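What follows is chain A paired twice: with chain B in the first complex and chain C in the second.
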Partner chain A sequence: MATSNQARSAQRAEIKKGEVLLEVRNLRTHFRGDEGIAKAVDGVNYSVLAGQTLGIVGESGCGKSVTALSILGLVPMPPGFHAGGEILFRGEDLCKASEARMRQVRGNDISMIFQEPMTALNPVFTVGNQIMETVMLHQGFDKDAARNHAISMLEKVGIPSPRQRVDEYPHQLSGGMRQRVMIAMAMACSPQLLIADEPTTALDVTIQAQVLALITDLQRREGMSVVLITHDLGVVAQTTDHVAVMYAGKVVEYGDVESIFGKPRHPYTIGLFHSLPDLAGPGERLATIDGIVPSAFHFPTGCRFRTRCLLASDKCVNEEPALVEAESGSGHTVACHHLEEAEKL
Partner chain B sequence: MWMVPTLLGIILIILGLLHAAPGDPAMMMMGIGSGGSSGEVSQDGVDYQARIDAFKKENALDRSFLVQYAGVLGPFNVKPDGHELFGGDGRNPYGGFLVFDFGKELLNKNKHIGEEIKKRLLSTTLPLALISIMLTYLLALPIGIYSANRAGMTIDKITTVGLFIMYSIPVFWAGLMLKLAFGKTGLGWLPVIGLHSRDAADMDMLPYLWDAFKHFLMPVTVMTYGSLAYISRQMRTGMIEVIHQDYIRTARAKGLSEKTIIFKHALRNSMIPVITIFASILPILIGGSLVIEVIFDLPGMGEYMFKGLLKRDYNIIMATMTLSGVMTLMGILLSDIAYAIVDPRIKYS
Partner chain C sequence: MSLATEKQNMSTDKTSAAAGPLISVEGMKKYFPIRKGIFSRHVGDVKAVDGLSFEVGHKETLSLVGESGCGKTTAGRTLLRLLEPTAGKAIYRPDGREIELFKLSGKKMKLARRDLQMIFQDPYSSLNPRKTAGNIVGEALRVHGIAKGAELEDRVEQLLVRVGLRSDSFNRFAHEFSGGQRQRIGIARALALEPRFIVCDEAVSALDVSIQAQVINLLKDLQDELKLSYLFIAHDLSVVRYLSSRIAVMYLGRIVEVGTSQEVFQNPRHPYTQALLSAVPRPDPKRKMQHIPLTGDVPSPMNPPPGCHFAPRCPVAEKHCHESYPETKQLSPTQAAACHLL
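Let's turn to the complex of A and B:
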């Protein structure tokens, strides 16, 4: 165990804090359906720095989860297929990696936790068994070592009396506990990247805060990177370093959390912030963004947000805006033709 | 414990059905078929009615329904030759079903039904049923898993059509067709009657086994194909449902191989519906092999039941039907136990 930890820390030393760990370049993941091709993810760009957290925000169906599943190669194919782009993890393109190589990456270098803790654990195996499985596979632990490791992982994620819990089945645990088990499972091999796909959406508000605190705490201690997928802007503000705002299969705005929250540029991002309830003021009707997310089978031409945008012009219909820096050197990129007008919104 | 009242109810219903059905054993014994000639005194001077009355009295068939029910159940013997304790003369003390005494055949007082059933179960029905169940599950599970993992592909479509055809062929037709094809009338490869050749007792080990194999082949095939088709379809459906569950995605995200995912994470979950079916298959194979045993002339329990039905021998019918009921209950009990083993969410209590 000591040797494998040393080996791992040596390996980890290659990537220093702040360097790029994962870079998604123009990723396109499409699905064949009865109506044609659904472009669920259609040109996504973002990067995750070592030791930092990237928040991905967007409405349901904007392609957040499919991007995450693409990183791990978990998109069911068919009907899904890789239509282009690269996913560079420590310089290696995961889109080109073999299935065997992907199995080494999954759960070991990159692991994932899902939205629904009630169904994400196998009901017929003990939680201990499900945690042990990962370390026995990737770290070559024997049964006893794996069991001890599972117990210490359960302890790490704050499950009381882990020695007893390790032999319990998922149905004996509450939702929050199960999500903790999921986290323990994902963290068991000390991955470099944790993808959390709406990890708190299905939980009570009080439990949400605990689980988020746990993820950030573990991140700080282990020095791993996190991709946090959510539609909760409050969560993003609290826990992330960078933010990517997604709309209709594309990233429309990307930057560090201060600049996005301080000065959102894209009309969609601005709309999202407007629709947040104002706790200080008197009760008003919540502002909304008119219209609905277009179907992935029939995205509008040009800018995809134009059908719901107040600033839409002919240029937006004909020309697709590229993701460019709003101010040079800031790293804050936006895809919009009308940046000046957007500031007045 | 729920099994005891259920069983009492089953026996009550069987007896009720017997009494409701036309024909009765006394007339059968007299050789009087169905109605018409049952006059009091026939032309050759034999007093049929007197004989019938005597037979009915001797076997307590003249007593009321509930008294007969009690007589079937326990040693409260209601027949004139029953226990002295209950007013009989003690010539034929009968224990009743509660003490596993099935009594004697109504029309052949030398034959103990219990012994006959035991002989038939051990020699014919149980071996056939066990082989058939094992074959069914050994073949059905892999077929189901295989086609589930290739759902929608050509090979899956072919299997699906094949299994549906198998499932729809009636047993009696398949049995007769096989006999015609492989028996003397056709290719002449396989014997069509019984489980052993007449000279089987004199054979050496290997020829004996070969002989038995040839005799078993067709009955086992006929017994197996239907449940094989049904269970592999169930297995396929269960498997397809399971591999779309979230926890399978979790297992993939852990980096497990496809083999581990299917055989560890998916198999146990998709076994649950298949286990439930076991409860209905066991009694069908053991008690309900009637058609097959009759077609292939096998001395098993189903054939015994059939004989009893033809002769209206209430004692045989009661015993074999009750045993079938017991088998059903056992099947349910077994599948409940298996259920609890496979699925930790179900508790014994």
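Let's turn to the complex of A and C:
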């Protein structure tokens, strides 16, 4: 146990804060279905720096969650299949890793928090059992050590009387507490990367604030990186360092949080901001993005947003815009043919 | 036919032009009994709604906000008698008449429900998957005997177009629509009987932001055009701020603060309202949250703590807060809050 921990910390020392921990390159995850092939994730690029938080925003059906599941190798195959691209975690391509290797990575190096804590926890095991399982498997703890570890994890995530709660079942806990248990499970092996898929969407605002504060606090203490998937732009603004905006299986805009919120460039991102009721004055009409997200079976040619975009032209129909820097050296990248016109939106 | 004329008679016999809010609720209570053992002994109550009083004016939107479990949905359902109230009074005033909703017989309540409709939260489970959109929207017209045959189809098509759906949606099934479109079907169904008052129970919560904005705009347009009043039940405070004229904040079955939208957002007086507002993440990375932390969860409505229900989580609670429930204090002509420390 001690040796494995030493080995792990030696490994960790290689990655310094601010260096690239995870890089997703041109990832494509497709699904076979009745209507043909659904290109749920179709050319996603982003990187996560050590010790930082990347926010991924976009509406339902844009491929946020499938990207996350691809990183962990959890996409059911078939019907899903890997159609191209790389997922480099500390330089290792996870797309090529064996199932046995993925099992070592999952829960130990990369772990995940799911949206709905009631369905993600097993109702027939105590919460303690579910936390103990990961540390016994990955870190070789014996039962007593694992139980003590589970209790200390519950304490860390702020669950009152952890000695009693460790023997309780998920149904005995409230929604906020269940999400804390999920976080305790995900954090039990001190992973380097935590993927949180809509961790607070099912929670009330006051509980959401507690859970987000907990994640950022743990991140600061453990130096871990976080990928936060959400559709709530308020949560993104308050908790992330970088933001990737996804639309129809692609990243359409990427940059640091201040430049994305300060000067959104893509017509889709601009549309998202305009439809927020927070930013509208009383009595003002909300701006909307007309139409709906296209189905993954039939994405439009060229730019995928063109069917809902006010600026769409012939070029958008024929040519797919590449993700390029808006101003050189800014690191703020956008995929749009009409950047200058978009500034006037 | 007979019902339709009865409705007309009801609306022509104006007893007085006395103005008043469209809906007034006084001391509404809804308890769910807890029964145990083979004799189903009554061992206690879940006090989901415990003495609510509020008013909704003509063409006004009153929002009920609060966390899950505070009783806001139960309040909306009890008001329309989808759940039978345990106690209290609800008065509906169409055209200067007064109708006591909780005293109406089943038949009369059915008639009153033409004016009082509801839009449900989950557009996936609130539409029958085995019926077409046309059937769902037309059902109320048929049940109330208002239209049938070609006339019914005409009216349903008009309604579908009015809420922004294509008129050929009539023969499509609910599962063929997206979430936003389903919510539009739910809205068309509520509008079919030309109501005056609609309870919108988390009507936009399940939708993505861009679709949510479309539906919010639709609700606003309909309000202006058809002179509707809304009771808007929600937990998303930014939507509430945008839509409501007045806001009532609920905690554990009771209203703790009420005021105009501006009063509640600019100058919240109850510590719970303050904490709730401070927890909303702002879409601005430069203004970090000044979050007032609340410890613990909402207590069970089965055994609410003695004294102020919020006291166990309140950051400023004093000893007497744990002893007696505070009275509601009027802070301005429109704002009131129930707190010992005001």
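Here, the second predicted complex is superposed on the first by the 332 of 345 C-alpha atoms of A that agree within 3 Å, B and C clash if a C-alpha of one lies under 4 Å from a C-alpha of the other, contacts with A are read in each partner's own complex, and residues count from 1 in each chain.
Criterion: a residue touches a chain if its C-beta (ideal position, glycine included) is under 8 Å from a C-beta of that chain, and two chains touch if they have at least 3 such contacts.
Given the structure is predicted, the values throughout are model-derived calculations rather than measurements.
**Q** So in the superposed three-chain picture, is A:272 touching just chain B, just chain C, both, or none of them (first/second/both/neither)?
**A** The second partner, chain C, only.
**Q** In the superposed arrangement, does A:120 touch chain B (first), chain C (second), both or neither?
**A** In the superposition, A:120 contacts chain B only.
**Q** Identify which of chain B and chain C touches the larger number of residues of chain A.
**A** Greater contact footprint in residues on chain A: C.
**Q** Does the superposition put A:288 against chain B (first), chain C (second), both, or neither?
**A** Second partner only.
**Q** If we overlay the two complexes on their shared chain A, which of chain B and chain C does A:169 touch? Say first, second, both or neither.
**A** Only chain B; A:169 stays clear of chain C.
**Q** With the two structures laid over each other on chain A, which partner does A:187 touch: chain B (first), chain C (second), both, or neither?
**A** In the superposition, A:187 touches no partner, neither chain B nor chain C.
**Q** Now for A:261: first (chain B), second (chain C), both, or neither, which partner does it touch?
**A** A:261: touches chain C, not chain B.
**Q** When the two structures are overlaid on chain A, which partner does A:204 contact: first (chain B), second (chain C), both, or neither?
**A** second
**Q** If I apply the document's touch criterion, which positions on chain A are contacted by chain B in one structure and by chain C in the other?
**A** none
**Q** Using the touch rule from the top, collect the residues of chain A that touch chain C in their complex.
**A** So the residues of chain A in touch with chain C come to 59-60, 160, 174-177, 204-210, 212-213, 231-239, 257-258, 261, 271-280, 282, 285-290, 292-293.
**Q** Within the complex, which stretch of chain C touches chain A?
**A** 67-68, 178-181, 208-214, 216-217, 220, 235, 237-239, 241-243, 261-262, 275-276, 278-286, 288-289, 291, 293-294, 296-297
**Q** Residues of chain B touching chain A in their complex?
**A** Those residues of chain B that touch chain A are 245-247, 249-257, 265, 268-269, 342-345.
**Q** With touch defined as at the start, can you tell me which chain A residues reach chain B in the complex?
**A** Interface residues on chain A, with respect to chain B: 72, 74, 102-108, 111-112, 114, 116, 119-126, 133-134, 137-138, 169, 171, 182, 185.
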